[in-house]
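Each structure below is given as structure tokens.
Both complexes shown next keep subunit A, but they swap its partner, so subunit B is in the first and subunit C is in the second.
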Partner chain A sequence: MKVTIDGIPVEVEPGTTILNAARQIGGDIVPPAMCYYSKLKDSGGKCRTCLVKVSKGSEKDPRPMPKLVASCRTTVMDGMEVQNITSPEVIEARKGIVEILLLNHPLDCPICDQAGECDLQNLGFEHGAAKTRYEFDRRTFEKIDIGDKIQLHMTRCILCYRCVFTADQITDHRIHGILNRGDHSEISTYITAAVDNDFSGNVIDVCPVGALTDKTFRFKNRVWFTKPVEAHRDCDHPGCNGKVTLWYKGEEVLRVTARKDQYGEVEEFICNTCRFDKKKTADWIIEGPRKVSNKSVISSNHYDFKPLPVVKTNPVLMEANKEQFERDTRL
Partner chain B sequence: MESLTNKRKLIESKPLNFLERAYLPAIAQGLAITMKHFFRKPVTISYPEEKREYSENFRGMHSLKRDENGKERCTACGLCALSCPAEAITMIAAERQKGEEHLYREEKYAAVYEINMLRCIFCGLCEEACPKEAIYLDGPHVPSDYLRKDFIYGKDKLVEAPLNQ
Partner chain C sequence: MARKLLLEHINVPGINTFDVYRSKGGYASVEKALKTMSPDDIVEEVKKSGLRGRGGAGFPTGMKWSFLAKPEGVARYLVCNADESEPGTFKDRYLMTYIPHLLIEGMIVASFALGAKTSYIYVRGEMMPQIRILEKAIAEAKAKGFLGKNILGTGYDLELYVQPGGGAYICGEETALLESLEGKRGNPRIKPPFPAIAGLYGCPTVVNNVESIAAVVPIINDGADEYAKIGIGRSTGTKLISAGGNVKNPGVYEIDLGLPVEEFLYADEYCGGIANGKRLKAVVAGGSSVPILPANLFLKTINNEPRLMSYESLADGGFVSGTMMGSGGFIAYDEDQCIVRNTWNFTRFYHHESCGQCSPCREGTGWMEKVLHRLEHGHGKLSDMDLLVDVSKKIEGNTICPLGDAAAWPVASAIRHFRDEFEWHVTNGAEAVTRNFGLAHYADPLPKKEETVA
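The block that comes next holds the complex of A and B.
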């Protein structure tokens, strides 16, 4: 099937969604997505950030679709023409969507551990308005500990349902879900039952915001001061192949996450043993530094090259300086 | 040959007369100039007891601010360290415990906050980056010292004194 997105034609399988067709082209025309997750069945359709305009329905029925459609849920038709960044209507709508997502989202990025790799932060930076028109108090919740490794900050949640799908599809039984309706909806385990499963840690990775965070990494460091390194280990857990990213600060592994692709989606889910218990370099086989986009804040102040020595090492001088230092500090 | 500018002056050197040869009038003249300066306003000041007026946008030593209730504003977000072109700032964050609400404004705070004053170039980017209005370069000049290690300023030197003291 042939579809045209922003004037770029692409040949896709029938049944592909517009979002995935755009991802096959790649680049700027890919609509952003907060709730759609390619590894999770049935995800998408909740956040509306991927809205696009269909200016020609199909070859048979060339009428445009009356409203903007969610590209993660709409499958392509032969000869469909889609406008994303070329349509001012879409850009305007997306700005509104970001404003709605940020209605109840606290602006506590300086505290949040997700800052620097947060999808909502990127979305707000790229598509949002500088100010909100919302005048009321944001809803607040107490933070909840889901088990001893995962923390839930319900105030930051944007109700994308990704963690619910993860728990449903990756783990064998889920204990958490959405309670209440509409504006009162909240992710909860009901009477704060602990999520206890070998793959429960993946809800941290799929969360696009800082609502579900790693308690072992809590306030340890900012993401952009750590250095991501690709590594793997022989994981004996079936379903986990042990391919991860280690986040180093100096010699220390501060946290372990699954490897994420360019859309912030994990390549493969990892088990809790890999994520929480193996935090020594000796546990891992290092593959090399992770490629970080030069637009990401994570790449700032990280130099690929080894800088040339500024001062020639002179052992005699170093010895003399040490003596001098000792003499001075003794006084 | 004609000169280019017609500004050339011919100096004739005459032999010194008696008074000039005696040197005493010249010494008196010189002393008079010296004496005259005794009664003038001195051009120097005795720093650091006395200080000149600074420009309003002078950037001196950093100070970590407190809010109106005396709580520390800094939440250890790391943006100052990120923006610092000289990489002079380091920090370690910690979580606020129960009962410390009167000390720190947010749930995270800087347990260790260090600025290497030898690295700092006083550009003010940390001040600009700070989302919490916690750091300002409003202090005096950084005083001199003998050892490099004494130029690493911790929270004891940087944080403002509490209000009620």
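The block that comes next holds the complex of A and C.
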């Protein structure tokens, strides 16, 4: 099937979603996705950041779709034409979605462990406005420990449902879901029951924000000061192949996560033993440094842009300074 | 006055019992349909009648039925949406309370037409009395052989169940209703697939409003052509309107579509005018989610033609100067009502009822409510109006289900038509909490259409 995204044609399998077709092309035209996770069935469609405009439905039915569609859940048709960054409507809608996602987000990035590898941070940086128009108190929740290794900080949650799908599909019994509705809905466990499962740690990796964090890593370090290294071990857990990323600070392994690809999705889910208990170099066979995109703060310690000069050139001020200087030196 | 189709025998004592209902010609359509017609005939008949969905969207019912996928060996379901929770609408509750057998009769015919062996009536949780009434009526019909195995000896089996919901507005959205009916959290599904392909338990399903299903009965009894004669243009048949607000006689009225709104509002037979001799300020024509209109634009369209109670005429002028038929929840406001407060109240409802699944609606409704709360209590800013319009635009069309649109339209339309009043709430903040803005120019005759000289 042929589909054209922002003027770039690509051949894809029938049943592919627009988002995945865009990922096959790659580059700037890939819509951002906060809730879609290719490894989790039924995920997506909720955050609405991946909205795109379908300007031509298909070869058979060339009518455009009346509304913007969620690219992660819309399958391509033969001859479909999609506009993402070439459509001002999409850019405008996405800007609105980013603002809306950040409405109740605490923006406590300076103290958040996710900062530097946060999907929401990247999204806000790339697509958001500099200022919010929201002038009210933000929603807050108490922090909850789910199990002894994972902490849930609902205040930061954007309700992407990824962890719910993980709990549903990766772990074997579900004690984790959504309570309440609307903007007071919250991720929670069944009557503060601990999530006790060999794969429960994966909810940390799938979380696009810092709502679910690794308690063994909390406040230990900033991610951009640590160094990712690929490693593996012979994990005896069925379903876990022990391929991980170790995050080093000096000689110390601060954290173990699954390997994440360029879209922030893990390549393979790992078990809790690998994640939480094996924190010595001796436990692992090192493969080499993990490649991190040079756009990421992790690899370069700063974003790839020139900061604006703090003091702008002001001719009036310069003239005044010159006069002042002359006056001072004359004396 | 035209003949009523749905509420013809509403005042007969004991019409809620099987025997009285039967003696008034009830269940004749079941006999006619099951014995003399094929399922396809019925679908064809409903298509020909031009019946449009009475739940709000106005999608032709016959078309919806013909879209139902019919794979071999897979069950099909008919689900009746009785989760009526739209503020201002109470027609389905009235129908189920007083004439429950009409709904059951419609359900049997519709289920037969769709080939459903099991059908559900999903009733809102708060309507406990109606649930009991329906269950009693189903038991009566079953005892007389109109439900269960081998109905009337035709070999057609049908089981009808009443399912109480949890009382969430979102469960009136068809896919959320199906999720709830399956016993899950009532979150709308992402479409496609549409319920006609994969609905309840993954099987092809049709979800219809109570009134749409009840309207099948007169269509089968009198024939589609007879039904299509009533009404105007593509709005055929009769419609139940639940009139409320500051009208003299609030209640449920069955009207022929195409009735002038002025007649509906002021005739003694219907609403009887505005209560206490006051003047009309604004009207919400079809339940809280449709755009609100000021009196002058409601009674006359922008071209100075009288507005009619029909899908097309109410929508005349689009969202700029028109509104929608919606679910028929007619709310009239007199000169003493505050539109800002009313808009805040509606938004509060949508904020409370948003399911929280997709972000624009979850966060946006709360934001609009807070801004409107501030405006209503006299602490607003002049920039708030533009902010509200912008937020409503960000929500509208960007959500999974139509609740986002329903939350955005009343706010956007209230600011479009009543901006003066909103601004007065800002500039006269202290005064706004003690008195109302009044009628102002909202009932003034519309200006003559200017002839543009080329």
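Just a few scattered comments:
By our rule, the second predicted complex is superposed on the first by the 299 of 331 C-alpha atoms of A that agree within 3 Å, B and C clash if a C-alpha of one lies under 4 Å from a C-alpha of the other, contacts with A are read in each partner's own complex, and residues count from 1 in each chain.
Assume contacts are C-beta pairs under 8 Å (C-beta built on N, C-alpha and C of every residue); 3 or more make two chains touch, one makes a residue touch a chain.
Being a predicted model, the structure only gives us computed values, none of them experimental.
Looking at the shared chain after the overlay, A:235 reaches neither subunit B nor subunit C. Once chain A of one complex is fitted onto chain A of the other, the partner contacts of A:224 are limited to subunit B, with no touch recorded for subunit C. In the superposed pair of complexes, A:85 makes contact with neither subunit B nor subunit C.
Ranking subunit B and subunit C by residues of subunit A touched puts C first.
Of the two partner chains placed by superposition, only subunit C is touched by A:101; subunit B is not. By the touch criterion defined above, A:8 lies against neither subunit B nor subunit C after alignment on the C-alpha atoms of chain A. After overlaying the two complexes on the shared chain, residue contacts for A:69 are found with neither subunit B nor subunit C. Touch criterion met: A:115 reaches subunit B, while subunit C stays clear of it.
Residue ranges on subunit C touching subunit A, taken from their complex, read 168, 170, 185, 190, 351-360, 362-367, 370, 387, 390-391, 393-394, 397-400. Taken in their complex, subunit A has these residues touching subunit B: 108-111, 115, 218-222, 224-225, 297, 300-301, 325, 328-329.
Taken in their complex, subunit A has these residues touching subunit C: 44-48, 51, 67-68, 70, 73, 93, 96-97, 99-101, 103-104, 133-134, 136, 158-159, 161, 177-178, 180-185.
Listing the residues of subunit B that touch subunit A in their complex gives 75-79, 81-82, 87, 93-95, 106-108, 131-132, 146-147.
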